[in-house]
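A, B, C and D label the chains in the order they appear, each numbered from 1.
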Amino acid sequence: MLDGFLALYIFMLAAFTGYEIIARVPVILHTPLMSGSNFVHGIVLVGAMIALGHARTPFETALGFVAVLLGAGNAAGGYVVTERMLEMFKSSRKPGDQA
Amino acid sequence: MLDGFLALYIFMLAAFTGYEIIARVPVILHTPLMSGSNFVHGIVLVGAMIALGHARTPFETALGFVAVLLGAGNAAGGYVVTERMLEMFKSSRKPGDQA
Amino acid sequence: MSWLPTLVRACYFIAALLFILGLKRMSSPRTARGGIVWAGVGMLLAVLATFALPDMHNRGLILAAVVIGVAAAWWSGRRVAMTAMPQMVALYNGMGGGAAAAIGAVELVAHARRAAVAVPDTAPLRPESWALDALHPVAAVAPLSPVELVLGVLGALIGAVSFSGSLVAFAKLQGWMDRRFVFPGQRAVNLLILLLALVHGAMLATGHLTVPATAAFFVLALLFGLMMTLPIGGADMPVVISLYNAFTGLAVAFEGFVLGNEAMIIAGMVVGAAGTLLTQLMAKAMNRSLGNVLFGSFGAAAGGAAQEIAGSQKPIEAADAAVMMAYAERVAIVPGYGMAVAQAQHKVWEFARLLIERGVKVRFAIHPVAGRMPGHMNVLLAEAGVPYDLIADMDDINPEFPATDVALVIGANDVVNPMAKTDPASPIYGMPILDVAAARNVIVIKRGRGTGFAGIENALFYADNTRMLYGDGQAAAGELVAQLKALDA
Amino acid sequence: MSWLPTLVRACYFIAALLFILGLKRMSSPRTARGGIVWAGVGMLLAVLATFALPDMHNRGLILAAVVIGVAAAWWSGRRVAMTAMPQMVALYNGMGGGAAAAIGAVELVAHARRAAVAVPDTAPLRPESWALDALHPVAAVAPLSPVELVLGVLGALIGAVSFSGSLVAFAKLQGWMDRRFVFPGQRAVNLLILLLALVHGAMLATGHLTVPATAAFFVLALLFGLMMTLPIGGADMPVVISLYNAFTGLAVAFEGFVLGNEAMIIAGMVVGAAGTLLTQLMAKAMNRSLGNVLFGSFGAAAGGAAQEIAGSQKPIEAADAAVMMAYAERVAIVPGYGMAVAQAQHKVWEFARLLIERGVKVRFAIHPVAGRMPGHMNVLLAEAGVPYDLIADMDDINPEFPATDVALVIGANDVVNPMAKTDPASPIYGMPILDVAAARNVIVIKRGRGTGFAGIENALFYADNTRMLYGDGQAAAGELVAQLKALDA
């Protein structure tokens, strides 16, 4: 339970941080932000690498391989799609002063 | 260093949380919020109580006593003053719909 | 403890910091573009650091999987059309959920193996212990603690639901699955599946880690994600995708706890919270509650007591429409999904510029759910180079329609359908709409008599002051441009 | 580990949660009042839980100190006038900083004692170990770790600076210290003191914990807080208090790390970050940079090449002023510090209500730094019951002054001084002001020829369209009310 508390604090604070970041975001950014946060949980790739890196049995190795494959897809795909969506904001930044 | 990292994470996340809470606060609330956060660090009282509770020598006890005294002043005074400031917002909440 | 793991943890810390800062930047239009780069740098750092971890086996396999996964996703993400973005997000999000579930499976299997050996592993057998030290200093070489087991199982459940659910969402938006899948008693069946999955999960979490139970648990979880998503209409998919996005975040955070990996905990939890709020905001923009999206019966009433519409659609020629707008004082352009399909934004903007040069006051009126994703129209108009100050929100422009000479509707349907206000039997009843009917004249560009997303008739097209300009969006806009130029020549 | 410490930690967790939620509520006008109650409940919970900790000595002393401290602060906080609030915040904040410094001192002394004994304490000798387990499982019974020592010393330094600095701020605002304390080479001296304090701190942190070094460290730290605050003018005090508030938060977080107390870490850090941002916002509202506030020479140039003002002040009778406003179409009321001093807000609102009843459009124009604390005027007007929608920000109302018939300035001076725009030698040069001079007529209520906070002349009072209504704010407003009523009778 001891360590549980520290984890609880981290969970709580991370939740507040995430919540506050999104609060008051304009509608126009909903989809890019969804995509961006989709990219961020691509960090699951790191966990998948660790899982595969410590797999002992063939079954664990196979599962770990799938995990890394999927995780890599999440991270790379999330990045490309978000980047493409946000690229759209480039051209219109010049004419308008602020949004 | 191990535990240092966890502390670092907590420091970072708490800082983000605090920062985000204040961002975009109206001028009218600057002073009450300053007072309110002044109250919140009155939690130092808890630390002072622990320090006094574990004091061994008379000198430590004296220091601890001062710490508790000051901490209690911070907490109680911060509460009263903030409460009085915020009470002002009561009357005007009714006529105006929202601020 | 050597310096290497410390260095890796420092990289993780920086990555977590960059993720948060990146998301912060992404939530403001001015800094949004830089945000994804920051987050990307964080990701790169974390992945490279993980490669450098000591005591990692299967390095070749890891590299292969990473390369294949990245290459496939990069390639597919680069080449899809802009309009297909939402389903790609669903796809990649499902992958993340699947990865979390697979990690949970590996951990459960490894836990069962270790528990079977009875003697706890020695350090080299479970070398990731360095990462675990912090959160459970004593349990490092022992099997998972009860809290870890519970969170690991929960993470696997949520991840699996997100995986299969996101794939269904992908298939629906991709057009592979046109029909909604509904049958009587569906809710009860879904609830039963969820309950069964939870029961099996509880078994796993309390140490009954048999192979059948594990398999059944994952099958049930995947089935639940499938069944839960099948009955939801495609119109609600962006909200559902956002929800699964939050799910995946949570699953990643929980599996991060099991692995003792702080970067996963924090990134996952931040996304979990941010995604939950985002889901609510998106549902709100469509004037729906989240519960209504997930369990409601959108479209179920459609075709029922649908209101009869009197009158006929009155066509107009491009030349007449161009003249009408050329001599108008105020024109509001209302784009919708059709403009996206026809990729007509460039032509539309060219037309608008010509009008502006003639002194006409032109504004673009954007409904929050026009198109197929929130901000869809804004993104397209931004691509075409329309300045922000010409783009008006629904709330801003609605009071201005009565003073507008011509409202040019291009490929929009549901978002300008007055029946949302008048017909309680309509599936879009209650959705706030753009009040174009209040404009002096309305010109509607669409290909024919096709309905919009909700699949219902639109009284606007039959109104006295409405004229229909039939044709593909891009072609019609091009013709308007040509006519306008001809006017001056 | 018994269940009691776990319960206490659970209480701390809830307290931290309530603090954050409370602060969140306090940052929106609608929910602000509830916010302090939430935070208060959290504090109560944390304190009660701490009393229940096992192995606490000196319970009687603790109770006595708590009762005395709470009673004194409660009593003083209840009875001060509303206008004295800022200095009370400074006082209580200083107390918090002092408490953090004292905790640091206790920990350093105890550390020295333990280090001297050479054998580590046994568990009952340092029973707070339960709280330390989490952050440093092994070091629990050993002396402080290097990181803890460094953070402990740093926390003590920051806390001591906040303590003495806040007391100076209190004395200045209370009017006990009118003169700013400046001498040549002041910055160099201050820097030297800080350096010496840091050197002594480094000694302590590296284990040279002699009594003289410890004493010197604290004396230097307190001295630095004093010297740093003395040269700052009273007008900048709210910003400085906010800065020290953030300091105290940081100090509390660092000492919390030393004690292994998560509630302190989180509450302190949240306040540290929030306070830093708030300080910047406040400085920005006064059009100053933080560096300029801390190291600038506000008012130093005053009296130098001050611009000569031509013309004379033209008085007006209350009866004439009342008639003028009674038949005006638009009236803007501009309150300032004088209204707070005279407690005239109720009379002013009564007068405004009478005008509104007669059909006059009345608005209150609030400058962000009118009065002596940000939001001072808003608080007073809210107290009197003025609805929000009659209150206008500077940015909103400035463009409206040219269309305003009468601007009624009551007790404001610096915030309506046009020399902020015209006279680069003026100490308020560059501060944005309320543009009352643009109104058709200006009526100024003040007692005489007293200057405002910046101590400079005001060209507005000599303008052609300005009339002076001399008198105490409350009396003058009362007379206006009476004259207005007489008009109808």
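General observations
We adopt the following convention: a residue touches a chain if its C-beta (ideal position, glycine included) is under 8 Å from a C-beta of that chain, and two chains touch if they have at least 3 such contacts.
Being a predicted model, the structure only gives us computed values, none of them experimental.
Contact count check for A-C and B-C (C-beta pairs in contact): higher for A-C. Farthest from subunit B, judged by the mean position of CA atoms in each chain, is C. Distance from the subunit C centre to the subunit D centre is 44 Å, each centre being the mean of its Cα atoms.
Averaging C-alpha coordinates per chain places the centre of subunit A 33 Å away from that of subunit B. One finds 14 Å separating the Cα centroids of subunit A and subunit C.
Computed from the mean C-alpha positions, the centre of subunit B lies at a distance of 40 Å from the centre of subunit C.
Multi-chain contact residues, meaning those touching two or more other chains, occur in subunit C at positions 20, 134-135, 137, 262, 266. Within subunit B, the positions touching two or more other chains are listed as 1, 3, 6, 9-10, 13-14, 16-17, 21, 23. Those residues of subunit C that touch subunit A in the shared complex are 12, 15, 19-20, 22-24, 26-30, 32-33, 35-37, 39-40, 43, 46-47, 50-51, 53, 55-59, 61-62, 65-74, 76-78, 80, 82, 85-86, 88-89, 91-93, 95-96, 98-100, 102-103, 105-107, 109-110, 113, 125-128, 131, 134-137, 147, 238, 241-242, 245, 248-249, 251-253, 255-257, 259, 261-278, 281-282, 285, 368, 373-376, 378-389, 393.
The touching residues of subunit B, counted against subunit C in their complex, run 1-3, 5-6, 8-9, 12-13, 16. Considering their complex, residues 1, 6, 9-10, 13, 16-17, 20, 133-135, 262, 266 of subunit C touch subunit B.
Subunit A makes touch with subunit C in their complex at residues 1, 3-4, 6-7, 10-11, 14-19, 21-23, 25-57, 59-61, 63-93, 95-96, 98-99. Considering their complex, residues 6, 9-10, 13-14, 16-17, 20-21, 23-24 of subunit B touch subunit A.
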